[in-house]
Structure formats: C-alpha cells, structure tokens
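Letters are used for the chains, namely A, B, C and D, taken in the order the chains are written, and counting of residues starts over at 1 for each.
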Amino acid sequence: MDKAEALGLYQKLYLVRRCEEKIREEYFKDEMKTPVHLGIGGEAISVGVVQALPPAALTFGTYRNHALYLAKTDDVEGFFGELYGRASGRCKGKAGSMHLCYPERGLVATSAVVGTTIPVALGAAMASRYRGRNEVVAAFFGDGATEEGTFWESLNYASLRGLRLLLICEDNELAIHTHVNDRQGHEGLLSAVSGFRCHAERADGSDLPAVLEAARGILRKMEKDPRPGFLHLSYYRFLEHVGPLEDFKFAYRKKPEEKELQRRDPVHRFEQTLAALGARAEEIANVRSKVDERVLKEVAAAQKAPFPEPSELMTDVFV
Amino acid sequence: MKRNIQFREALSSALADEMTADPSVFVFGLDVPDHKRIFGSTAGLLEKFGPERVFDTPLSEDAMTGAALGAALAGLRPVHVHIRVDFALLGMNQIINMISNLRYMTGGQIGKLPIVIRAVIGRGWGQSAQHSKSLQGMFAHFPGLKVVMPSSPQDAYSLLRASIRDDNPVIFLEHRWLYDVVGEVDDAHAVPLGLANVRRHGKDITLVCTSWMNVEAHKAADLLARRGVEAEIVDVRSIAPLDAATILKSVRRTGRCIVADYDWSFCGFAAELAAQIHHGCFKELKAPVERVGFAHTPCPTTRPLENLFYPSAKTLVRAAERLLGLDEMDLSQEKFYTYEVNFKGPF
Amino acid sequence: MKRNIQFREALSSALADEMTADPSVFVFGLDVPDHKRIFGSTAGLLEKFGPERVFDTPLSEDAMTGAALGAALAGLRPVHVHIRVDFALLGMNQIINMISNLRYMTGGQIGKLPIVIRAVIGRGWGQSAQHSKSLQGMFAHFPGLKVVMPSSPQDAYSLLRASIRDDNPVIFLEHRWLYDVVGEVDDAHAVPLGLANVRRHGKDITLVCTSWMNVEAHKAADLLARRGVEAEIVDVRSIAPLDAATILKSVRRTGRCIVADYDWSFCGFAAELAAQIHHGCFKELKAPVERVGFAHTPCPTTRPLENLFYPSAKTLVRAAERLLGLDEMDLSQEKFYTYEVNFKGPF
Amino acid sequence: MDKAEALGLYQKLYLVRRCEEKIREEYFKDEMKTPVHLGIGGEAISVGVVQALPPAALTFGTYRNHALYLAKTDDVEGFFGELYGRASGRCKGKAGSMHLCYPERGLVATSAVVGTTIPVALGAAMASRYRGRNEVVAAFFGDGATEEGTFWESLNYASLRGLRLLLICEDNELAIHTHVNDRQGHEGLLSAVSGFRCHAERADGSDLPAVLEAARGILRKMEKDPRPGFLHLSYYRFLEHVGPLEDFKFAYRKKPEEKELQRRDPVHRFEQTLAALGARAEEIANVRSKVDERVLKEVAAAQKAPFPEPSELMTDVFV
C-alpha cells in the first residue's frame, strides 16, 4: 500500500468514525428516533472489504451497517437524512438506521433480523451465475448470525453450486451481551465451516491492512477456484449493543486496559500505518478536517430537512 | 389458441409461455425437475429450458426463499415452488420480515420485487395435519404480498402468467384436486390480478368461494336449483388485493350470503369477507352472512373424520337452506364428489 | 398480597411465583438472563432460580422453539421468550406444524403440551417494519394454540400464571408501552384464560379492544364522555379461545361497536371480531361495526409516518363520532399519549 | 452376538419387513388411506439402534417410521389399526402412517415435515439434563434433513451444552428422487459435522451387526464424554419414495444387480449371520411363521375394526 492509497482509505475510515461519533453527540437530543447499532471498533472491516471487492459487487448487511453504508456509497447526505427520518433520507425515512441501503450503489439491502440477508445475497450470487457470470456477491453479518440455520443452508448451497458468495463474519464475540462461548458448540468458525467446499480465511478486523490483504487473498482464491469464501474478521465492539454509550459498567464484560483499547481501535491503528508510510501530521489533519466539515454540514442539513409528506405512508407497498 | 386441458397443464403452459417470453423467469424448488414434476405442473420445462432455469434445491426452504428474494433483487423473476404450502412455513421469516416489507423499507428504491411462490394445498390421500394447510388468509394479512387462488384451468393459466408478470411478490395457491379438472384455456385471454369472477348467476343467495369451494358450490347450486333457488357464485380468485366491489354488488342484490373459504374460518379470510360484506351490505342483508370452512381442529388422517373436517356441497346446501328458511331437501340419493373416483393413493 | 407495580414487574413476579410453585417451569430465550432482562420482565429470576432454569440461547429460534416442544413432551413447562414477536416467525414451522398439531395428531396420547411463548410487540423508538408486528390473529387462526394479550398489570400477572399452568400451548403477547403502566396487582386474584373483561361501562357504544388499544380507548372514552357519550370498553384479553358471549352481550345493549385491534385489520383478528359481532348482533346493530387498526402498510420508521400508521385515541373518537352521527369535537387542545413523555431511545 | 440374541433381533427385523410387505400386498385395495413411506432396505438401522439404546430412551423419527415404530414399541395392533384409520389405531386414526407414535413406549413423536423432530429431541435431551440426568435421547432422520438449518442449530446447541443427543442419519443418498450430490456441498456428512464438539461414527446400515456395533460404540463414547453423537448409517431404499412399488423404471436411478440388491438387503444379510452363528433353517422358519401369523391376525383385526366416532373429530385439540 502506498501513501496515496492509504490516505484515501483513511478518508473513508475516518468518515465512518466521524459520522458515528457525531451520532453519539447528537443522539440524546432525541431527534434521531431510530435505534442505532454503532460499529465503533469495526470500521476497518467494511472499509477494507469494500475496497477489495470489485466496485460493482452487490453487497448485503445487517442493522449494524453504518460503516458498510458509508464505505460502499459515500452518501453522507442520505445517511443522516435517513437517521433523522427526513424526506431527504435515502429511504425517505422509512428505513431508519437498521435498514439503510442504496441499491443503485450496490448496497442492496440490510436487515434487522439476524442472518436474513445471507440467503438473499446467495440469491444474488445465483442470479449472476444464471447470467453466466458468477460474480462476487458479499454478505456482511455478525458472529451471532452463524448460529442461525439459514447460514448453514446458504453455505451448503453456495458450496454445492460453486457460487462466488463472500461471507464476511464480523466477529465481536458478542451477541448483544452474550459471549460466543455461551452460544457456539464448535472449536471455532473456521474449522466449523471447513467441512464445506469453501475457501476460509481469518484476520484481525481491527487492522485495516490485514483486512485488505485477507479480503484480496480470499477473492483471488475464489476467482481461481469458484467457491464461496468465508472471511472471519475479529474486532472489538467499543460501545453498547444498541445506543450511543459505553457499557463497561455491566458485568458481562470488563473494560480493557487503555493500551488494549488502542490496539483494537482501527482508526488509531491505521494512523500508525499512515505514519509509517510517511504521511505527515498535517496531511492526516487535512483529511480529518474535510471530513469533519462535511459531516457537520450534512447533519445540519438533515436537521433542517422536511419530514416526508403524510401521503408517503401509503406509497411503496406495491409497485 | 384454445385448448381443452387439465389444470396441471394450464400451469405448466403458463410457466412455459412466460419462460419463453422472458429469459429472466426461472422455476425452482424441491422436486421441480424430477419425473413427477410437481403433479405434472412443471412438466416439459426441464426439456425445454434446461437445468439452469428449472432446478431442484436442497431441503433448505428458509435459504431458498431468501435466495428467491435475492435473485429478484438482482433482476430475475423467480418462481419458487412448494409441493405443499405447509413447507412455506419454514420460509416465513423471509416471506414476512423480508419479502413483504423490503420495497417499503427501502423507500421504494427497489423498483420491482417479482417473486412468485407457488404452493399446493388441498386434500390428497390422508394428508394429515402437516400437509393440508391453505394459509391464504395468513399471507393476505401482511401488506406487500399478493395472494391468488385459481379455480379453473383458464384462471390457472392466466393468473399464473399475470403473477409472473407482476412486479410484486405473489403467493399462488393451487388445490391438488383441481389439477384434474379439464377446461377450455384460451392463451390469448388475460386475467389481471385483483378481480373476482361471477362464475354463476343467481338472484336468491350469493356463495362467495375460494379455490376448491367453487367446485362444491357449483354442485350445491345445481341441487338448490332443483327446488327453485338460484344461487350466484362469486369466485374470489384474488385474495389480496381483494375485489370487494364485485362481491358486494352481488350480495346487495341477493341479500343473502354464504362465504365458503377453503381454510379455517377463525381469523381467516372468511372472517375478512364476512366483515366486509356485513359492513358494505348492512342495509341489504336479510340475514347474517354464514361462514363455511374447515372444522376448527387440525386435519385428521382417517377418511371418516377427514370427510367431516372438510366442507362440501352438502354443507353448502344445508347452510343455504337455513339461510333461506327452507326444509332440508333429501340428499340421500345424491352422488357427491369423492376423491376415490378420480384418484388412488399414495399422495 | 396487593401491590402497586409496573406491568414488567407483574410479569417477572408471575414467572417467579410459578417457578417457585413448580420446579418444572423454566424460562429461556435470547437475552433472558442478561442485565436488561427483557425490559425488566425477567428481573430477579436468574438470582433466585439459577442458570439451569433461566438461560440464554444461541440465535437459533427454529431449534429453540422445537426444543421448547421437546422439553414439554418430556414433562417440563418451558417459557420461551422473544424480545420481539417478529423473531417468532423463524419458529413458525415448529409452532404451526408441530406445536399446534401434535396433541391432535397423536390422538391425544400426549396428555399435556404446556408451552408458553412470550413475545413483545408494540412501538418503540423507530422500530420499523421488522420489529413491530403483533400476529395475534395469525396465531389464533390455527387450532391448538391459545393466544393471550394482557393490558393491565393485574392481567399480566394473573394471565401469565394461568398461561404457565395451562396444559396447552399459549402465545402470550406483551405490548412494550404497557411495561411502564403501574397498577394494583393482587397475587391472590386469579384470571382464567378465555374470558373478556368489561373495563369500563357505558351504554352508547362498545369499544372492543386488544392490548394497547385499551389504553387508547380509555382516553377516547374520557373525551367522548365530555359530550355525553358513554362508551363501554371490552378488553378481549383472550384472543383464542375467544369469549364472544361477553362481547356480544355488550354490543346487543349498545347497538354500536368499534373493534380496535392492535394489528392490521385485513384478515386479522379485527375481521373475526367484526364478523362475529355482525353475526351475533344482526338485529341489534344500529350501524355497521367499524374496524380500527394499523394502516395497511409495513410500519415506517420516521415518527410522522409512524404516528399515522398507528391508531390512537383520536382515531377512536373520530370513528365513534361517525358511528353516532356526531360532528367532530375539537381535539386541538388535547394532550394525547406520546411515547416521548415516558421514554427516550434507543429501543 | 450369540445365537439367542441374534434370533431375537431377527424376530424384530423380520417383523418390520413382514409388516411392510403386507402393506405392499394390501395397499391397492385402497383401504389404507394414508401415504406410506416404506423403509424396506433400512430396517436394520432402527432395529439395531433401538437394541443398542437404553430401553427407556426417548426416541423421535420421521414419516419413514415403520421400522422405528415396530422396533421400539412392538405394537403391531396399533400399527395396522392406525394405517387403516381405525379407532384401534394407536393414534385413533388421526395420525396415519406419517405420524405414528407411542409416547408411553418411548417413541415420542414422528413428523412428516423434514427435520422437525431433531430440535424436539434436543429439547427432550435438555429436559433430561435439567433433571440432572443427561440421558440419551435419539433422533432418527434422513440424509435430506441435514440440509435443513434446524439440524445445524440443534447440533450446535447440543454440542455447546454437552447433551447426550444421538443423531441417527439414515442415509439412502436420496431425498425423494434427488441424489445427495445435487444437494450437499461438503465432502461428506462426517467431516461436515466434525467441526462441532460431537462424536461421529459411520457404518453400513444394511448390516445389522455393524449397526449394533457402531451404535454401541458411539453410546459408550457419549457415556464417557457427554457430547452429542452423530451416527451416519447408509442404506439402500428398495422402493419408491412414497408408495408400495419399485420405481427402477425412472431415470433418476438404475436397478442394481441382483447380487448387489442382496448385499443391501438387511434381512437377507442377517440370515447369513444367523447361519454363521449356527441357527438352523427351521429355527429361522419358526421365527418367521410366528411373525407371519401375527401380522396376518393384526391386519385382519384392523380391517374389521370400527372407525372412530364422528365426535372424535373435535377431541384432542386442547387438553
């Protein structure tokens, strides 16, 4: 990775972080009337994988989708419009945070029912194969989603048909407040999926270059040998499951040491990469201030934007 | 072109014609391409369109339902087939939480969501509680789904074509006994979704029917005609969206109505019909609307109980007599439709 | 003992009391033992009964629903909890094809099938289409399931205890907004399943309500009282089996009725109520029964549309006025219940 | 195995075979108005596993349940009564062939929706563990059932909690007419499940002694190390999926050579075992004639038995 590419990636990474920090600042004004599942700590996964994917690749995600949405679409206006429930929202306020999507830019759908977009991504991969192309389709989901039967059904079918379905497991070891050890009866996801005819890779999801490398690696394998890929990326969820706060005061987990927190912070980590690549402090600051400005502007715009018309209630049910 | 064909062939013809017209249409589901061809309703497709467009699946209804959605989102027009609607319950999360909602949730960004879920309902050979549900009312309850129930070969043909062409998700429910019914099918005759059909005209009482109940109603109407009662039969065909106008118009004229839905009545589509008819014909109704449906139990296997579980022409005649204040006519010499006549086991 | 407690505490008390009374009762489901305790409704249980009787599960609703059935077959009394009823759709195959049928299919060999499925419904903080369903009508459609919707702390307590003691499968639906309601709970006061409750007496119009709609109805009745209209409120409580007698008795007296079900009306429980009331009060009804429910769309997230989606006291007042042939009263100065007053995000 | 035990087993094995052959003879009289999924070729699985299980073990099965029903309950009267839909049927005619069960004798439930009794068996295993016993509970199912998500969810949970759930996969390589190669995307079930913390064994399901040995072996392991067990037993389905006929005329499979058919016939195979153990021809014939007589008697009784009263329609919905 050279400095230019790294600064480009940093711009995305920092945009995601900044947007979510802004949500945290604004949230208690109670103007964003939508549950927010913040991804702070996991930003490098979406940013890295999206970077590695072909730009046209169709992607699918979950309710914890802010990073994916911003990385894939760069649509800050539609993002905040949606969180504020405005007509300017990408989904006209009908989605809120949990269902953000932008099909035209390749983020086809996200869902707040765990696991449900995995088979949908499978169907998109089938469609590509149907057209004789077998392009990569990507599904992002949490570790909890692998407990749903639909994950195994989808993996089985993609393996059977040699579909280029990239399954990205964003593993924070938690489903809400329940640790993976209280949920999964195998010796690790990689070994559990390896009985199927798929490619499987693991990487540190807090480390953007590592994510990028792992994603590129598995995509190369999928290119050569058309099978689904399972990309297992670990990260640390800094905040509560849903909402803008930390929740270290609850017994289900302990606050890590400051040093460990820094190690698990992908923005912090990547700033060190940048420095190592020779980026100067003001270059970094420059990226940040542009992002800061953009975020402020879009939040202000969203706060002033009109709500959807009452007639919107009845539209969009059927074509 | 007009042909006299069975209901099953009407279905396979509709599929073939849509697949010919549009290369994005494909048909998949458990057993779709095997030699039984879903009781013949997918016959000929594999030979004509090949295994990329006509294919089997693993036993994974949940994922395959999601996959239908994904394929539709990617621009295809999937037809997903269940040999029994009961198995669609494994895909309920996808059908309700995803398919019915998705267009709305995206604020209409998803322009089209053309998915047809075909499923077989109805009696067979001791189908038991797990292979006998209908579920039209359940599906119709959810905004975002269309629900269709053809009762003639022509409707099977035309409504299946219309369903495949529709840019919205459609649940298409086919009664197993109807598969044997022969009728004229004109492939130039289009039937849009959303319209009821007055299948028989009469002035004394309206029988509002779904699916197989239309067949029973015809038999009942013949019997009633013998004693001078003219029954009108309205085939609902489109459960959602519902063509209330045609139904209300009939009942306003006859003043008496029996709703015969092929399902349990409690909290079912029969309840919706009865509620709307009472509401819309409040002044004209001479007596309350009667509902005829399954006994409110799971479906038993043994034939004597099964015969009590399902409503029949006889049930309709008796209900009509009560509504009209007539004595019970003698039906002891009547031959009623029995499955044995047309069909021997095992399924 | 009588106490003034919140609905959520009524639930946790009922669980604790039944678990104390019967060691075969256990409570499980996603998030049941975490520090949020299903919005407080499972508070205290883990400490009192330990992790063998109060436990979490993987995200595997289908298998966990089947497991509840298996535990019941093996003689235990499981209470399976869903923090949103929408997730129960992943267990539909087990609920419908197995749980509702099994006793019948075995010819009654299975003596008891004591399973309670608790699930939260209702508005939150922009819950959207995937976290806002109610589904009482859908469940009640299937023979073999009981369906219960408490609307007061006393009913939450007494009906949950009755549900756990019942030897049949019970779906128990709890509105999220009701959790904050405080009321007197007498733990000696038993409420059997299957009875409606006249919560307010009046002679001019009957409001038949489920769940949260009772709260809206009380507000509406207060407003209507100002102009001399006495509304009677019947809380259905038990969706299945349904206490039609109590409802019909009220409507026969008032001659006017609004059915306010917390759900979509189309093919829903509201349709059943309207159909039965029309049928049973054919002579006494002065005007058709009106149905008040959700807008027939998926639930939107943004507040202004969400407020239009959900019916309210105002919707009820307007419907009553139309039924009674009254002008619209001025409600512009009225304070209606708004969620913001009691609750801030995020869920 | 000594001759006495073998003759006892043979009595069971032959009873199953004879009952199903009798169904084949009678079926086209159209008096058994219930779909029959015959298990001819697979009898040794139920007979062997039931023999290995503790007699009180709760068991669960599928619509292809005749062998399991007879092996577990020895209730020929209730069996034919049920198939003929009579009041004398074990389920009063409400079940038919597909849902035969006899909870009092440990066959708790069978189901015609593929895969659905697997999690139910899991729940029974949980109940035993709840009571501090963790006894073995057995679930029988076909190869197709392993494609359903619920199989993986159940395996995961049983592995997580160390439950003694014995999963018996009766693998005939077919789901109706679809070969396993068109359905499963892994390199074999044993390797696919082995990522989970379970015991797994394979055996030839046409060979009763082999089934018995494998079942006893895995039960011993489960006893020592409390985990679920996955027992993979292959067999050949001699007849059509549902109904009394052969269906070799259809393209989906070819009729094997006579010798191969004999090798896959568990009754034939076990008769050779008997001979090797020194059983004389007339000892074997004696077992058979007693069974033949019993079957004839019960079929005749069922044919004459009354149907359930009409009032039975409304009973058994609720307690």
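Rule of thumb we're sticking to: a contact is a pair of C-beta atoms (placed from the backbone, for glycine too) under 8 Å apart; a residue touches a chain by one contact, two chains touch by 3 or more.
Small disclaimer: the values here were computed from a predicted structure and weren't measured.
Most remote from subunit C, judged by the distance between CA-atom centroids, is D. Subunit B and subunit D have Cα centroids lying 36 Å from one another. Distance between subunit A and subunit D, defined via averaged C-alpha coordinates, is recorded as 46 Å. Subunit C and subunit D have Cα centroids separated by 42 Å.
The set of subunit A residues touching two or more other chains comprises 89, 92-95, 99, 111, 113, 147-150, 153, 156-157, 160, 182-184, 316-317. Chain contacts: subunit B has residues 57-58, 60, 62-63, 86, 90, 93, 97, 104-105, 128-130, 143-144, 296-298, 300 touching two or more partner chains. Taken together, the touching pairs cover every possible pairing of the chains.
Interface residues of subunit D, counted against subunit A in their complex, comprise 147-153, 155-161, 182-187, 191-198.
Note for the complex: subunit D touches subunit C at residues 58, 60, 89-95, 99, 101-104, 108-109, 111, 113, 116-128, 130, 137, 149-150, 153-154, 156-157, 160, 315-319. Residues of subunit C touching subunit B in their complex: 62, 86, 89-90, 92-93, 96-97, 100-101, 104-105, 128-130, 133, 137-138, 140-144, 240, 242, 264, 266-272, 274-275, 278-280, 282, 285, 287-289, 291, 296-298, 300. By the touch rule above, subunit A contacts subunit C in their complex via residues 27-28, 30, 32-36, 85-86, 89, 92-99, 111-115, 144-145, 147-149, 175-178, 182-184, 242-244, 250-252, 307-308, 310, 312-314, 316-317. On subunit C, the positions that touch subunit A within their shared complex are 30-31, 34-36, 56-63, 86-87, 90, 124-131, 295-298, 300-305, 308-309, 340, 344-347.
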